[in-house]
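Structures given as structure tokens follow.
Note that subunit A is present in both complexes that follow, paired respectively with subunit B and with subunit C.
Entry: the complex of A and B
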């Protein structure tokens, strides 16, 4: 029983991380209707930025998280400028939602993600980076029968703070208002005078910042920072987005938690090398049986 | 130009390509005289077949495929396991490996065929990853990350096909035959139906084309050829491991098709020659480490600056222009509006 509880805690913190990554996907899909394939690399870049910071200045964790948030946001804006903006020359609705547009940006972000990953690999090498032990988040804490590590608590805390912050930004600031307006109806938002390009840049900043923080949190939790680390979480976050109904943030968060917990619990029954299959199976099942997401959010043809 | 001119030109081109493939390249290779060059030539031909098979499904039928390496891998593992476990002759394993890949492609395609655009792309990506995880971890059958070694045994009619020259001719003949079949498929009424699917699947549906069935067929056929390519790779390389068939390989094949131009068979093959050949040429300048970066940069540059590819028949952005009549319109200040950077 204790073991189950323990796995549940691990699953929850895993799911929280997927949720942070999935929110970036969902926000970007909401405003642009495209998949950002380089989102996983933002996660990697966040982890490496945090690693560099720890090795060179060893600041307290809060500072690192804030800096990583900023680095992620800046990288996201840069990514938008290079991989998405050049394809957004026309502003009629049909073009913004066309299939060609989506596939072109999908491939351009994919190409940039290869460049980013291989670039990191050239500089740092493809092996795991060694992290100073005292920075790792794995000192055990006993709560009743369950032993968790402080990393679990920090991941919970940070994720809750960021989710609350996101909710605040979306609901109570003018940037959030324009993000919601553009994702509701890009053309309408433009007609009422919202600067859509700016809003899209802001969306990338917010989403990528959260993805980057997720990267450094996982890096510290598992002590595994390497150039290809962003690929699998990226796919799993994408699965969470599709399951949650594409543009619904609460849906994506709940599905990310479901995926995280199922993965952790699956390791009770099968060897942990197979746990990646859980997310892929979820993806295929969702796409085939619930193409509109399990909460029925999507409004278009999938 | 009258019809006989076209026909004679076509014969001229066919003759040139076949002479190049079967006479000039082997001559050059034997002059260079290093078996390493034969290996590169084989790799180029195998990837040309892979790019051609992806061309059928992505370029002609317009289904973005992100898991092509999975079918390549099924072919490779199928051939290797049939040859090592069941002691089948290599000549039998090649078509059998293709059939295995086609069967899996068919099974994959049945449930996913109703998905469109990126959802289909992501479903193929997910399935490709699943197969990769399985080959990596099903150690009892696939020997996991250690891979499988194939010992010689490539003998048929007293010719030892593990020697460089016969191996080259074996690969060249099979690849040429497969590419010819793909060529005939994509330049026929059947290919035109697939193109209709690519341009607008709802419209094609409305005109009475059975779109799910076409998608199913093109996907299965493409899987077959990818499987044949995998079998050729397993036999010529003599060793396969899951790393030969991971996501990066899918992207590499996709880059070849995009670089050459979506919808163009010669373009896909040219893309394969460039993307496999270029890193080998650059190896002289110690650029081997940059191989994947080069692929990323090339893919990005092509999408941004030359979305039609080198010799493509459609470009993503031209499609928009034609569709909405916007791109070519002169602006009021006399400048042409362009898609792309500024």
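Entry: the complex of A and C
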């Protein structure tokens, strides 16, 4: 029994890691209706920024998180400026409604993500970076028969804060209102005088800041910071987003937890080589049986 | 205009060629190809190999031999397709007489098919899959295989009194040989393999596997991983307070394992061919040259393996000189006997497999040290 409980707890903590990445990812998708392939690299950049900070100044964790949030936000705005904005330079209705123009940004964000990853690799090398071990978030805490680590609590707390903060921003601020308006109908928002470019830049700032914070937290949690670290969490976050119905942030978080728990529990029955299959199986099941996502709500089919 | 410039260039090349001919006749330059990952996920290994090769080449140039050697490095990204493309390129370049690399067994074997067709000697510093040297008489390796290391470890664990052992390894050709070679011998000795599982290289979270292993309560865990996965595994063992002794192969031998895992790496035992604190002169010379060139700490086993591979190739070239062809180089490689390298004395047997002496080592106070048991 303890064994199953321990696997469940590990699954929960895996799920929380995925949720942390999925929040920013889903926010950006909700506004642009297009996948931002560079989100995984924002996550990596966050981790490297935090690592550099730890190595050179050794500040307390909270300071690191705030600086990383700022770095992520700035990188996100830059990303939007170079990979997304050039494809919105025409404001006529036909262009705004054109799927081709929108989906061209799939490629441009993918291109920037490759440039960023290879750039980091060129400077730092592709190996795991050595980080001061005392900063790692993995001191065990025993709760009855199961073991968790302090990082689990910090990641849970951060996910919760992000989710609550985001709900507050979206529901109670003017930026949030315009984000929701653009997300709902970009053309309509423009017609009623909302500065869509500025709103989109804000969305990238918020979403990427969160992605960067996720990167440093997970990097410290596993003690593994390396250029390709954003790939797997990016895939899992993508699946969680699709399962959750594309633009529902709470839906994505719940689905991220489901994926994490299923992965850990699957390892009870099958070899861990098959663990990644779980997420893909969920993706296929969602696409076939729940084309609007498990939590419905989506405006169009996945 | 353009044509005339080309003609001019051609003319000057010809003129230089005839002028330079007598000088070159005395100092021929032989070219060696080296295929290795310089970018991508395994770039750190390839870059280490390149540094080690440059140290070896530098020392060779300073020794004042009667010929010169050039190494052409090509980046394979540890990708089979890239590796094959490089192999074709090397084969087409008539001035290349021998090839070093690749890093992984998979890419080495794929490239070996091209070298087999063309008749090009290939010496890999790390390809340890049994099938690699079976491709043809042109393939050599400078690393002990799991066929040698597995049984040795099985005897070691059995002699330590362990009877129930869990085995995990990465899901690669190499990982499969880690498990099978160890398990066969351990079972033959009368031990029991109570748990056996593979994982994908680069797995972030080993905790589900560790929890599973702990449930089976083995006496020890035998692992087939490289240092990064090793560090993750050891850290997460500690995190879950699982204190089963861990044994591993020479593949995890790397100072970075200790840097990444810190105190959690203490006590891990493994077999190795190269220890940087070996006092013999050639090892200490290599360690000093490595530190000076890379500014890093002591080299791990893999750079040492590459350094020896390059030197074995150079020694074979020297024996074949002045009649160096791909064929004569292959025959001289095959004749390598008791080559005194930093990874021990190397002799190629009839199957072009090296025989080397493995030492037992353990992580103690943040360093790999030789141990008796």
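General remarks:
The rule we apply is simple: the second predicted complex is superposed on the first by the 294 of 302 C-alpha atoms of A that agree within 3 Å, B and C clash if a C-alpha of one lies under 4 Å from a C-alpha of the other, contacts with A are read in each partner's own complex, and residues count from 1 in each chain.
The rule we apply is simple: a contact is a pair of C-beta atoms (placed from the backbone, for glycine too) under 8 Å apart; a residue touches a chain by one contact, two chains touch by 3 or more.
A quick note: this is a predicted structure, and the numbers were derived from the prediction, not measured.
Superposition of the two complexes onto subunit A shows a clash between subunit B and subunit C. When the two complexes are overlaid on their common chain A, residue A:118 makes contact with subunit B and with subunit C alike.
Of the two partner chains placed around the shared chain by superposition, subunit C is the only one that A:6 touches, whereas subunit B remains out of contact. Of the two partners subunit B and subunit C, more subunit A residues are in touch with B. In the superposition on chain A, contact is made by A:224 with subunit C only, not with subunit B. When the two structures are aligned on the shared chain, A:14 is found in touch with subunit C, with no touch to subunit B. Contacts of A:128 after superposition: subunit C is touched, whereas subunit B is not reached. In the overlay built on the shared chain, the residue A:86 is in contact with subunit B alone; subunit C does not reach it. Shared-chain residue A:108: touches subunit B; no touch with subunit C. In the superposed pair of complexes, A:288 makes contact with subunit B only, with no contact to subunit C. Of the two partner chains placed by superposition, subunit B and subunit C are both touched by A:273. The interface of subunit A with subunit B overlaps its interface with subunit C at residues 118, 271, 273, 276. Interface of subunit C with subunit A (complex): residues 39-44, 47, 171, 197-200, 202-205, 207-209, 211-212, 215, 228, 231-232, 235-236, 238-241, 256, 259-260, 262-263.
Those residues of subunit B whose C-beta lies close enough to touch subunit A in the complex are 64, 111-112, 115-119, 121-123, 125-127, 129-130, 133-134, 136-137, 247-248, 251, 254-255, 258, 289-290, 292-293, 295-297, 299-300, 303-304, 307, 316-317, 319-320, 323-324, 326-327, 337-341. By the touch rule above, subunit A contacts subunit B in their complex via residues 35, 83, 86-87, 89-90, 92, 94-95, 98-104, 106-108, 110-115, 118-119, 122, 231, 235, 238-239, 242, 271, 273-274, 276-277, 280-281, 283-284, 287-288, 291, 301-302.
Looking at the complex, you find that subunit A touches subunit C at residues 3, 6-7, 10-11, 14, 118, 121, 125-128, 130, 133, 136, 138, 140, 142, 147, 149, 222-224, 228, 232, 263-264, 267-268, 271-273, 275-276.
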